[in-house]
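Below: a set of structures, written as structure tokens.
The following pair of complexes shares a single chain, chain A, combined with chain B in the former and chain C in the latter.
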Partner chain A sequence: MPGIWDKIATIDRRWIYFLMALSILFPTIFVFKFPVEITVEARQLYDAIDALPDSSIIMLTFDYYPSARAETEPMSKAALRHMFSKDMQIVTLSNIPLGGPTMAENTTREIAMEFNKVYGVDYVNLGYKANYVAVMQGMASSIESIFPTDWTGTPLSELPLMLKVKNYRDISFIYVVADNATVDYWISIVNAQYGIPVGAGVTAVSAPKMYAFVESGQMTGLLGGMKGAAEYERLINHEDMAMRGMDAQSMAHFTIIFLVIIGNIGMFVMSAPKSRIGTKRD
Partner chain B sequence: MTFWEHFQIWLRAYLILSLFSFMYRDNKFYKFSEHVFAGLSAGYYAGLIWHTVIIQQLIDPMFVDGKWYLVFPGILGILMFARLSRNYTWVSRVSLAFVMGSTAGIYLISNLHGLVLKQSAATMISFADRGGFAATVLQVLVVVGVITTLVYFYFSKEHKGFLGGTARVGIWFIMIAFGAHFGYTVMGRISLLIGRIQFLVFDWWGGSIRSLF
Partner chain C sequence: MKRTVPLLTAFLSGLALVVSFFFNPDRIFLGDIQEVVLQWMTIIGGFALVLGVHSIIKVNMAKVIRKDSEWFYKLATVVSVIVMALPAMLPNSWSPLFGNGQGSIYNWLFEYVDSPMMETMFAMLAFYIASAAYRAFRARNTEATLLLITATLVMLWRVPMGEAFLRLFSDKLPDYINMFVMNGFNVSVQRGIIIGAALGGAAMSLRIILGIERTYMGKN
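Now for the complex of A and B:
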């Protein structure tokens, strides 16, 4: 008759999926409010934007696919709230073809309405252009040469904000929200060659690599994954979906740690010489 | 909530649940959603490139603004379609050579100037005045980590003796980096699931279903 560890070792993986789903569903419905500490990198990003003079012009890039929205959209929304609250003017664009420009449009318009901001005067969505390296290089000399019109097809010459923004020299800060390698090029091309300060909010998967850029001073602040988004929401005192998601995040991590511990105990017990299965594992 | 908003929410919920159903077992709902996603992505991408690149940056500038010199990149682009012909595939190499040459030039400068030199310089700063003892210890760790990891990737001499010991320290740093990456990756993947469950709970159940029933 199989023991408890044998049963655990052969458990149907779908029970683990079910446990994970429960561990996320439960805190999504019932709020626990686990604490979220502010990291140095998130504070650095917040301070850099906060220190800019009111009415500064910021470039905000939506370099992420819809699949990464859960992590990245709260970062974009929090940044937009912070910038609009300081009456900053925002130029958005996307280097991601699938959904990027549409998310830039919808997200910016939603937050702009909260602050009664006017399209064309307070913010502009340039949309998408293929080949992001060429786009980043080209905007250094002329944004209009790369984006002759905005996302809706209006010529840039008809948008009051774009009359003030010709190239990177007119931009005070570039805030990149990304789920891919475009951040590397915003740093290695735009920051390194043109000296524009770059801050970023990235998905958790790409966050570890970005810490090197913060340490070297090439990046001014960093938000890593949903945790980073939650930190920024706390910094602007507007707790939203990322803060709500952190309860589920913490609970899911507890579940994974529990499963890892159980799995390792099981492995040691079963690989003992008197194991019922008797298979020595490497 | 309008009919159109209800429809959008229900369609999204259907697609999410169909794709999640694969976790139980492969099925027709999953396959349908997967094919819809692949087809939609390809169609959307083709339309977007046609509008934002071919029309806005080639056709309009040539015929409206009179920039006829753009005919040359246009021809290079058309040559790429020679790959569809078995006999004339070689023609596309002209365009590819242009792309590879210009890309190599741009990347070489940006990577050397923006990444290699800057990151190397970041390991060569003074240990003093870096924010106290703890910061100095961390800076020493960075320097030791960079050197030992580079030694691990030095394969021109057998990893024995002092070289081998240094390389083993490098492996420790690499393993810790992998651990950090894996931890962040788990967090990222869980976040994606949280996003979908938040949609199902707040928008589908809490929004659409409750307003309908």
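Now for the complex of A and C:
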């Protein structure tokens, strides 16, 4: 007869999937609402934007794929709400061909409507151009040379906001929301070479690398994963998707930790000599 | 000729950007060469995308015509490419359904088909990670145990419920994790990796500019 630990060690993985699904669904019915503590890095990003004069021009990049939307879109929305509430003017673009400009368009329009902002005057979507290293470097001398038109094909010369924005010198802050390595280039090309402050919201998996840039002062603040987005939502006093997702993420983390502990106990019990754990021998 | 022209192009483009970076382009003979080279880079990047679309249609259509195994999926790929791309390329002035703005076919397909499918695929990772963590994340030796403890602490620290749990032991514990694990051990290791990768990148760029590294031109 196999013991309990043998059974647990050879458990069908579908039970693990079921446990995981339950742990994510459970908080949608029973809301815990544990307080979201603000990290130093999130506070730094918020303070940097908040300290900018009203009506400053900000570049917001949507450098993420739709797959990472659950983590990154709340960051974009929270940032847009913060910026529009201070009447800042926003230039959006994307270095991701697969859906980046569309997400920039839809998300910005949605938040702009909340604040009655007008396209072309308060915000512009430049869209996507291939080869992001060349795009970042090229915009230093002339944005129009890289993006002659906006995402929908309107020449930049016909957009009132873009008459004021010729290159990085006219931008006060660059806020990068990304799920990939484009952040590295925003720092090494745009911040290092042209001195424009860069802050970022990235997926939890890429956040550890970014701490090095925050520590060195090359990056002004950082949001890591959905928790980072939730922190920003708390800072702007507008609870949204990230705050709602915190309970599910908490439960998922606890489930994984529980599984790791059970797995390790099982390993120790099964690897111990049988006499030591009191099993009868024939 | 087949090799000399690409080598010369790479050398001159690289040299122009390096010289423009170190010297004021207005004061030397290069003028606005940097801007021109960068414009060319984005244009070539655009053509590379067109080449990618051509390649995906050509490869998949060949398999559909030959009725290879699972040809139906190849057909679905080709149809998807055309259905997404064609309405987006047609001018919006013809119909609000064309182009890529709000209310267009492309926008609808992206929001309600493409994006949910990609998000679903990514979300499934949570289940695989749970299963993999259960089977593989074991304290087999000292290094693995250290990794296990650190990962558990960071996982607790990254969620509000975990943070509240850590505060049961000490109010300062979450701050210590941020200070010593993320801004301590993590930053020192990440810096080493970043500096190493940057040096490797610089060396590789130099090899390409000088024509030592030629693998980008293919075998022949």
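As a convention for this text, the second predicted complex is superposed on the first by the 273 of 282 C-alpha atoms of A that agree within 3 Å, B and C clash if a C-alpha of one lies under 4 Å from a C-alpha of the other, contacts with A are read in each partner's own complex, and residues count from 1 in each chain.
We adopt the following convention: a contact is a pair of C-beta atoms (placed from the backbone, for glycine too) under 8 Å apart; a residue touches a chain by one contact, two chains touch by 3 or more.
Worth saying up front: this structure is predicted, and the values here are computed from it rather than measured.
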| item | value |
| --- | --- |
| Simultaneous placement of chain C and chain B on chain A, clash or fit | clash |
| Which of chain B and chain C A:Phe32 touches, first, second, both or neither | second |
| Chain B versus chain C as contact partner of A:Glu215, first or second or both or neither | both |
| First, second, both or neither for A:Asn106, with chain B first and chain C second | second |
| Partner touching more residues of chain A, whether chain B or chain C | C |
| Partner chain in contact with A:Asn264 - chain B first, chain C second, else both or neither | second |
| First, second, both or neither for A:Thr149, with chain B first and chain C second | first |
| Chain B versus chain C as contact partner of A:Tyr17, first or second or both or neither | both |
| First, second, both or neither for A:Ile256, with chain B first and chain C second | both |
| Touching partner for A:Leu52 - first (chain B), second (chain C), both, neither | neither |
| Chain B versus chain C as contact partner of A:Gly245, first or second or both or neither | first |
| Shared chain A surface residues [contacts with chain B and with chain C] | 17, 20-21, 24, 67-70, 97, 129-130, 133, 137, 184, 188, 193, 204, 208, 212, 215, 224-225, 227, 249, 252-253, 256 |
| Touching residues on chain A, where the partner in the complex is chain C | 13, 16-17, 19-21, 24, 32, 34-37, 39-40, 65-70, 97, 99, 101-103, 105-106, 109, 129-131, 133-135, 137-138, 141-142, 145-146, 151-153, 184, 188, 193, 204, 208-209, 211-212, 215, 224-225, 227, 230, 246-247, 249-257, 259-260, 262-264, 267 |
| In the complex with chain A, residue positions of chain C that touch it | 21, 32, 34-35, 38-39, 41-42, 44-46, 48-49, 92, 99-102, 106-107, 110-111, 114-115, 118-119, 121-123, 126-127, 129-131, 133-135, 137-140, 148, 152, 155-156, 158-164, 174, 178, 182-183, 186-187, 190-191, 193-194, 198 |
| Contacting residues of chain B [partner chain A, same complex] | 23-24, 41, 44-45, 48-49, 52-53, 56-57, 60-61, 103, 106-107, 110-111, 113-115, 118-119, 121-122, 142, 177, 180-181, 184-188, 190-198, 201 |
| Touch list for chain A against partner chain B, complex | 14, 17, 20-21, 24-25, 28-29, 67-71, 97-98, 127-130, 133, 137, 148-149, 184-185, 187-189, 191-193, 203-205, 207-208, 212, 215-218, 224-227, 241, 244-245, 248-249, 252-253, 256 |
